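After this come two complexes, each holding chain A, first together with chain B and then together with chain C.
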Partner chain A sequence: MVDVSQHELVPEHTVLDEEILEDVLEEYDIDRTDLPKIKRTDPALPDEAEMGDVVKIVRDSRTADQAVVYRLVVD
Partner chain B sequence: MTESRSAVGAGGAPGNGYDVSDDVVAVVEDTDLPRRLKDEVYGTVESREDVTVEEADEIARAVEARYLDTRVDPLDPVGTVSAQSIGEPGTQLTMNTFHYAGVAEIDVTQGLPRLIELVDARKTPDTPMMTVYLEDEYATEREKAHEVVWKIEATKILALGDVSTNVADMRVQISLNRDTLEERMITPEEVAEIIEDSLGVETVQNGAAVEFGPEEPSYRDLLQLVEELREITFKGIEEVSRVVIRREEVDDGEEFVLYTEGSAFGDVLSIEGVDASRSTCNNIHEIHRNLGIEAARETIIEETNDTLKEQGLENVNVRHLMLVADIMTNRGEIESIGRHGISGSKDSVLARAAFEVTVNHLLNAAIHGEVDDLNGVTENVIVGKPIKLGTGDVDLRMGSTGR
Partner chain C sequence: MMQHSTPKDIGSIDFGLMEPEEYREMSATKIITADTYDDDGFPIDMGLMDPRLGVIDPGLECKTCGKHSGSCNGHFGHIELAAPVIHVGFTKLIRRLLRGTCRECSRLLLTEDEREEFLGDLDQSRKLGRDLNDVTKAAIRQARKKDRCPFCGEVQYDIDHEKPTTYYEVQQVLTSEFSQRIAGAMQGDEEAGVERTTPDELAAETEIELSRINEILSGSFRPRESQRKAIEKALDIDLTDEDTNKLMPSDIRDWFENIPDEDIEVLGINAERSRPEWMILTVLPVPPVTARPSITLDNGQRSEDDLTHKLVDIIRINQRFMENREAGAPQLIIEDLWELLQYHVTTFMDNEISGTPPARHRSGRPLKTLSQRLKGKEGRFRGSLSGKRVNFSARTVISPDPTLSLNEVGVPERVASEMTQTMNVTERNVPEARRYVTNGPEGHPGANYVRRPDGRRLKVTEKNCEELAEKVDAGWEVNRHLTDGDIVIFNRQPSLHRMSIMAHEVVVMPYKTFRLNTVVCPPYNADFDGDEMNMHALQNEEARAEARVLMRVQEQILSPRFGGNIIGAIQDHISGTYLLTHENPSFNETQVLDLLRATRIDEPPEPSGTDEDGEPYWTGRTIFSELLPDGLDLEFTSESGDTVVIEDGQHASGTIDSEGVGEFGGEIVDTITKQYGNTRSRIFINEVSTLAMRAIMHFGFSIGIDDETIPDEAEARIDETVADAYDQVGDLIAAYEAGELESLPGRTIDETLEMKIMQTLSRVRENAGDIAEEHFEDDNPAVVMAESGARGGMLNLTQMAGCVGQQAVRGERINRGYEDRTLSHYKPNDLSAEAHGFVENSYTSGLSPREFFFHAMGGREGLVDTAVRTSKSGYLQRRLINALSELEAQYDGTVRDTSDTIVQFEFGEDGTSPTLVSYDDDNEIDVDAITDRVLDSEFDGEGRHEFLEAGSEATNLSEHADSRRMDRPGTEVTSDD
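Take a look at the complex of A and B:
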């Protein structure tokens, strides 16, 4: 099987710790369900990610060098 | 927009690589600037020499003020601005479907049809294609590169030899070309076996000659078999009808790159010799299936940007395209803009009805007793209320403050 995370189109995905997530949600003043979603079956998702987890994605950005975004794992 | 937030770069101690004093680093790092702009400031300070800390601070503050100025204001209608910014140059796109892209002699849909195809999130593009990069020795030796080509390009019987029908004996006779077989690494035995498996007939193989016929002598069955024989893919990937091999310049020399007509991205990634970290495909759904939603988002931006660039419209700000891609991938799967996607899933009945198929939306809403909260733009324009954007969403409240 091909290691998807090695592809240059795929940014780094990491599962976010619950405490850090609290800070993030507070900073943006949103609920976790307001975050963009990612499917549980997504090939780029780390193995340990489960439904309801939030993954942190660090993209190489065209406008800001690096950009951090979050996605909620859904069914 | 989402990407205005920045994180400290991976390799980045602040001021890394620039000959500036710690005090300068301190004042610059104190600003709200993104990494790249901070680096820009370091570069400038370094090249001017003799810049005092006070001056550096002044520069940093000025850049910061300018940066904050260029950010989107609260309640700015970014979506509408993006729609206009893509829509206006869109009027200048060709409606001509075919035009080969770049340098490879492969036809790719360009201009307006391609842009529509992307935002409509069509299951398969009009002209699917892949760009396949190769690994190590496969990328530098033509022979090795060709090995990969044969694994990808669909090989039909007509490429392997001559087919003739012997009507007298009711037989299909194939005389295979030895050189071609050797080049494409397939034996006559394999050819015979594939024919048996796919057509369900007994074959007689003798050297480079293979022959078979229908069970019962029937002229119709015989012709039918020949038809089916032509359809069989003996080697390679069925979806890929043609592969073009090109030599391209890279930083350290040259490498062979394959361009394909037709795509089967998942299959190609697992072929030996294919660089699975760089190869791409113009079908956003295949990218989504194999690399995930983030890669799909990236591809949408890349493809829309390239389509506009190709037509000489490179001054559409990439942020608009990023917004489109963000919206299309927001729910973890690719959604189209338009009636069946984003616009069709709006909360407001009036907004949906205003977009397309007005009567159907109103009728369905009436049947289900839907309520419109009048929060969006369209519905407020319809009923003649101020829209909730910009100053329209700011309420003033009068009251007295305790002295």
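Take a look at the complex of A and C:
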């Protein structure tokens, strides 16, 4: 099977630690349910990601070099 | 007298069902008679027009609130329904509840655990902002699977729903013909290969005693359920019939009343606000008369509203129902009347239910009932709330006026004196205000209304204007006419992008059209072939300020679509600058002054040199340089292909054409806007367009048939290439017919032939174009336009002078028409060029009839395509706008929707505005140049002063104001006379 997370076009997905997550939520003044969502079954997710986790996605951007996005893992 | 009531603050809105008791409480009166007015024309008490329901006739007093018509909003009444009826709006929910709850104990058919699970899912969905329906639907699906109630053990039956409002319980019962069916199945079927079954075998297989089997077969014993199932299984037959039992609304109401509150929470219903039994109506609210006013016709007859007609029907049936029931009428009649009552209540709410004949007016027109008032394009939502008509707006034909600034709009006097601006009179503007009022409503800068400090509004007329003017004093308000310099909003539909609605400054003009500068045509996508545009006069100071700062045309020069300028020189402006700068012609002083007369420059610059007579001369580029801001450095490749160099605001070399000053990303306009600001850019565009017009008039620019005619010798050469191509096509066809043509990879032989023919023929047009081009001088107007990018391209020239070329429909040569041929002029299966739409003539030489026909086929496809494309893309855009309309860039840089869910963590990933950043495929953002510029302006002597104190030039000033402000000597044009 192909592991899509290794593909060059798939950006890096990492599960966020609870403390860092607190900071992120603080920064944007939101609940975690206000984050964009990602499906648990998404093949780009790392194996350890579970429902309720927040993943940090760092993708290459044409204008900003790197763009950081956070997503809440849902079922 | 106008009563000023303070606007009420809406704290919250609850959505839910209404309790019958609530209908009764808010009701002003019970309605019992179907009649409206008595013989004397007075409304009947407890009738449909009861005076307690509100007033519509002026002069009368409302019996409930004491107010008069206009201020009384009306009051609801109610009808006590003789029997409960189903509310059509909830039929789906009723069906779901019937299917999901127990027919005996009314509890939801879910075990405690399942219930907890769905409640959790519901919570989760609510938090994530998902559709709750998905969960509740799943819950019902789960509940329907149960055969027996988990609480009372009652067997559950299927619920059938016959649209719109009938429900049946479906039971499977033993058919009366069971013995025949069993006997038939025991016979077997030789054709299908099913063997005969003897009663012994059946008894053995079903484990029923043989005597019982015989009794069953004779029909004297009805098999029990378990026996029935065993026989069904053994013989593979169905012994059941459906028994349907109609559920009356009253049964459903009783059923629903017993559903416990906790159970409906699982279905997403808040039991405190909405009990399911309230979906079955026992009381019908009667809308106030103000919602269904009756009209008095010319002949004195009253004509009632559709809703009133419907209510009359309901009351009549309701009464008949009661009478019949009291008289002890048979069940059948009662049921008929009940159904009729249900029909009338249903159509009262929605008269467009499928499967139900709509209630009609005497004339045969379907009645417009409650739902029809709300639904659709002309309904309350789309027609009356989102699509309100506005005051202070005007619409008329537009026409061009190159003498206006691009910020301005010419407004006809007629419009200017209809539309007003409110002027608050203070001590300082009393004389001004009086002058307006003195002029009256007809004289142009006049006034239409005044408002006294006590709030009374007076109309200014020709008669009272002088008298009124004297009374006007501080504290009054004057509604004065639009005058030069007022700001208005201008719009052309379809409003597809931001720049379709821009703010302009008024210039009042004679005649009846709106006038606008031609350079604002591209953002509005306007032309002057009869286009009309709308104007809106702003009514408060805040709106005017906002429009001036944010919406003025000059603020919209850069388009957020591609980051370049969308406003710039167009058409003849580009031809003009091309003529002025391409060969860099010379001009004498008179000519220079003429070229620059509509600009701020009224002294000729340093001459470029002197001619042999010792007279000074100026080159076109020198003149163009006068318009450029000092210190502008730029280098780019022009549309005509040469390199344009601008050094320190001086145009050194190259041609100024569409790449330089054009409307979609003209380099010079773009750079000036980004580096010198919108105001400077507006001045530049205005001046370029006027200079270009002067230039093109100086040189003269026209086009005629002779400009596209080429010498006979050239025409002969074109004919030759056409003939050559025909030969080649002939050879290809011959090879194809001889079966010698080799197919290209992945193509059939036919496709290969088509491709090769197409290739050959398209080469003909190219060659013809090349030959024609050789014979065009560089000063040929069509060539000038094509090369400068003003209008048209070399292809248009080729088609005019050389050869029109192959016509295509759906990307292929023309293949349609008759069987095996395009037209009856050709032999069947003729594959030649001329039989499939090749046009060898040029537009100047004229097309043959057959060519003309093929050309029309190709042209028609183009028209159809554009028509289809606009409707398709319009719908796509509508959907996109609806999906994205609530997204907003927040102050913290994120993009969120109205529920604060984040959509982008940084606007556009980089947090920059597309209009303020410039880069393209070749050039990334030049960060160094930007920092240099910022540092320069901040730390260099003079620049520092400007950066820190004056800042950028104020952008919100009226054009007339900033010409006064820019107190540069000689900027103001002073008249000699």
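The definition used in the following text is that the second predicted complex is superposed on the first by the 75 of 75 C-alpha atoms of A that agree within 3 Å, B and C clash if a C-alpha of one lies under 4 Å from a C-alpha of the other, contacts with A are read in each partner's own complex, and residues count from 1 in each chain.
Just so it is clear, contacts are C-beta pairs under 8 Å (C-beta built on N, C-alpha and C of every residue); 3 or more make two chains touch, one makes a residue touch a chain.
In this text the structure is predicted, and so the values were computed from the model without any measurement.
Using the contact criterion defined above for the overlaid structures, shared-chain residue A:D34 touches chain C, although it does not reach chain B.
When the shared chain is aligned, chain B comes close enough to touch A:V2, but chain C does not. Counting residues of chain A touched by each partner, chain B versus chain C, the larger count belongs to B.
Using the contact criterion defined above for the overlaid structures, shared-chain residue A:V10 touches chain B, although it does not reach chain C.
When the two structures are aligned on the shared chain, A:A44 is found in touch with chain B, with no touch to chain C. Once the two complexes are laid over each other on the shared chain, residue contacts for A:T63 go to chain B and to chain C alike.
Touch criterion not met for A:I20: it reaches neither chain B nor chain C.
When both complexes are aligned on chain A by C-alpha atoms, chain A residues 36-37, 61, 63-64, 67-69, 74 touch chain B in the first and chain C in the second.
Against chain B, the residues of chain A that register as touching in their complex are 1-4, 6-11, 13, 36-39, 42-45, 57-59, 61-69, 71, 74.
Every residue of chain C that touches chain A in the complex is listed here, in rising order: 127-129, 892, 894, 896, 899-903, 905-906, 908-912, 917.
On the chain A side of its complex with chain C, the touching residues are 28, 30-31, 33-37, 61, 63-64, 67-70, 74. Chain contact summary for the complex, chain B toward chain A: residues 1-7, 9-10, 34-36, 269-270, 276-278, 280, 287, 289-295, 298-299, 301, 318-319, 322, 326, 329-333.
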